[in-house]
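Multiple structures are listed underneath, in structure tokens.
In the two complexes below, chain A is the common chain; its partner is chain B in one and chain C in the other.
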Partner chain A sequence: MNEYRYEDIRIGHKESFTVTLTEEMMASFKDITKDVNPLHNDEEYARSKGHRGRVAFGMLTASFLSTLAGVYLPGKRSLIHEVKIKFAKPVYIGDTLTVEGIVEEKNDTYSLLMVKVTIRNGDGDKVCRAKMQIGVDS
Partner chain B sequence: MTHEQIMEKVQQIFREVFDDDSLVITDSTNSSDIEDWDSLEHIALVVSMEKEFDLKFDLKEVNELANVGEMVDLIASKL
Partner chain C sequence: MNEYRYEDIRIGHKESFTVTLTEEMMASFKDITKDVNPLHNDEEYARSKGHRGRVAFGMLTASFLSTLAGVYLPGKRSLIHEVKIKFAKPVYIGDTLTVEGIVEEKNDTYSLLMVKVTIRNGDGDKVCRAKMQIGVDS
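Then we have the complex of A and B:
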């Protein structure tokens, strides 16, 4: 886990990691949220809607923003204030996602980072775009 | 910039932050007058004002503000 302090981070600072979305993650997410929508849970239904398989829960993909802030940027001292996210393309089970954050702005008064986040699948397609406002605890 | 000119810009910032085009603020408006004015929105207001007026606040001075009028006075003192 990174332990950056506010002063350590410059505009343009980048952090990234990769994660493969698994059946187990889908099952855990369903258990927690009780989201039983067939697009995520019924293979046949998802295919009938033009997908190659069950579509991953968007909020499961979004949950990796928590990892980005809490483990990588800034890591230990992270406090997420705000997230704005767009789901550009579907994510499927087995996809390997690359989550990358880049610091676009800082606010010295409140020790805030404004981070632009891109999540890409294994083909390099952007599946999610997000903006995060993250506080850095002293 | 006059108090009124600053207030006009501050009102626009409030409308954007609280996503309410009909919001009208006065010198005496404070956080108890606007339901969504919590600590996170206060940060959003301060960050927006720093950008709009191209200035920096001190954390202590923004935490001591009692109402919008004091906020406008603080901005005026830094321009």
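Then we have the complex of A and C:
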């Protein structure tokens, strides 16, 4: 876990990690949310909608924004204020995602980082874009 | 699970549900994300930061937006396009959250719903506000 302080971070600072979206994550996320939507839970239904398999919960993909802020950028001192997420393409079970955040702006008055996040699948396609406003605790 | 069609839903349509945030959800979310941030995982650290206990992962609270869209509003035909989330107050383990969505706008060209979401704790405090742009599949 990184332990950056606000003053350690410059505009343009990048952090990234990769994670493979698994069957187990899908099951755990369903247990948490009770989201029984068939697009995520029923292979046949998902295929009937033109997908090659069950589609990952969008908010499961978005949950890795927690990791980005809380472990990488800035890590320990992270306090997420706001998140804007756009889902661009479906994510499937087995996809290896690269989550990358880059600091676009800093607000010195409130010790806030504006971080632009891109999540790509193994083919390099952007599956999710996000903007996060993250406070850095002193 | 609701199965509303786009034309079934009027501006002002509301759906809500309650959920209690548990220790097990925290453990599952940590397993998924590997977010080891001490604010969520270390009681003593969280108390040293002025909290009454470990703070729930913000993105765990946000994961119930998946349930709202995929099960309630509109339910089966849900396709989440965009989500904007503001975290207003900390959520603690054991808090019972009420998640309420209300349709603010409709876009007939793209069969999109603009849904305003409020998540309140048991004291009625808004802990999270969100705007979701949700497509309704035909």
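The rule is short, and it goes like this: the second predicted complex is superposed on the first by the 138 of 138 C-alpha atoms of A that agree within 3 Å, B and C clash if a C-alpha of one lies under 4 Å from a C-alpha of the other, contacts with A are read in each partner's own complex, and residues count from 1 in each chain.
To be clear about the criterion, a residue touches a chain if its C-beta (ideal position, glycine included) is under 8 Å from a C-beta of that chain, and two chains touch if they have at least 3 such contacts.
The shown structure was predicted, so the numbers you read here are calculated from the model rather than taken from an experiment.
Considering only the touch criterion stated at the top, classify A:His81 as touching first (chain B), second (chain C), both, or neither.
both
Quick one: classify A:Arg52 as touching chain B (first), chain C (second), both or neither.
Once the two structures are laid over each other on A, A:Arg52 reaches no partner at all.
Give the label of whichever partner, chain B or chain C, reaches more residues of chain A.
C
Thinking of the overlay built on chain A, is A:Leu112 touched by chain B (first), by chain C (second), by both, or by neither?
first
After lining up the shared chain so the two structures overlap, which partner does A:Pro38 touch, if you call chain B first and chain C second: first, second, both or neither?
So A:Pro38 only meets chain C here.
So, does A:Lys126 touch the first partner chain B, the second partner chain C, both, or neither?
In the superposed model, A:Lys126 contacts neither chain B nor chain C.
I'd like to know which partner A:Lys14 touches here: chain B for first, chain C for second, both or neither.
neither
Of the residues on chain A, which ones does chain B touch that chain C also touches?
Shared contact residues on chain A: 81-82.
In the complex of these two chains, what residues of chain A are touching chain B?
81-82, 107-110, 112
Give every residue of chain B touching chain A within the complex, in rising order.
My answer: residues 40, 43, 46-47, 50, 56-59, 62.
Note which residues of chain C are touching chain A in the complex, please.
1, 19, 25, 28-29, 31-40, 49, 57-60, 62-67, 70-71, 75-76, 78-87, 137
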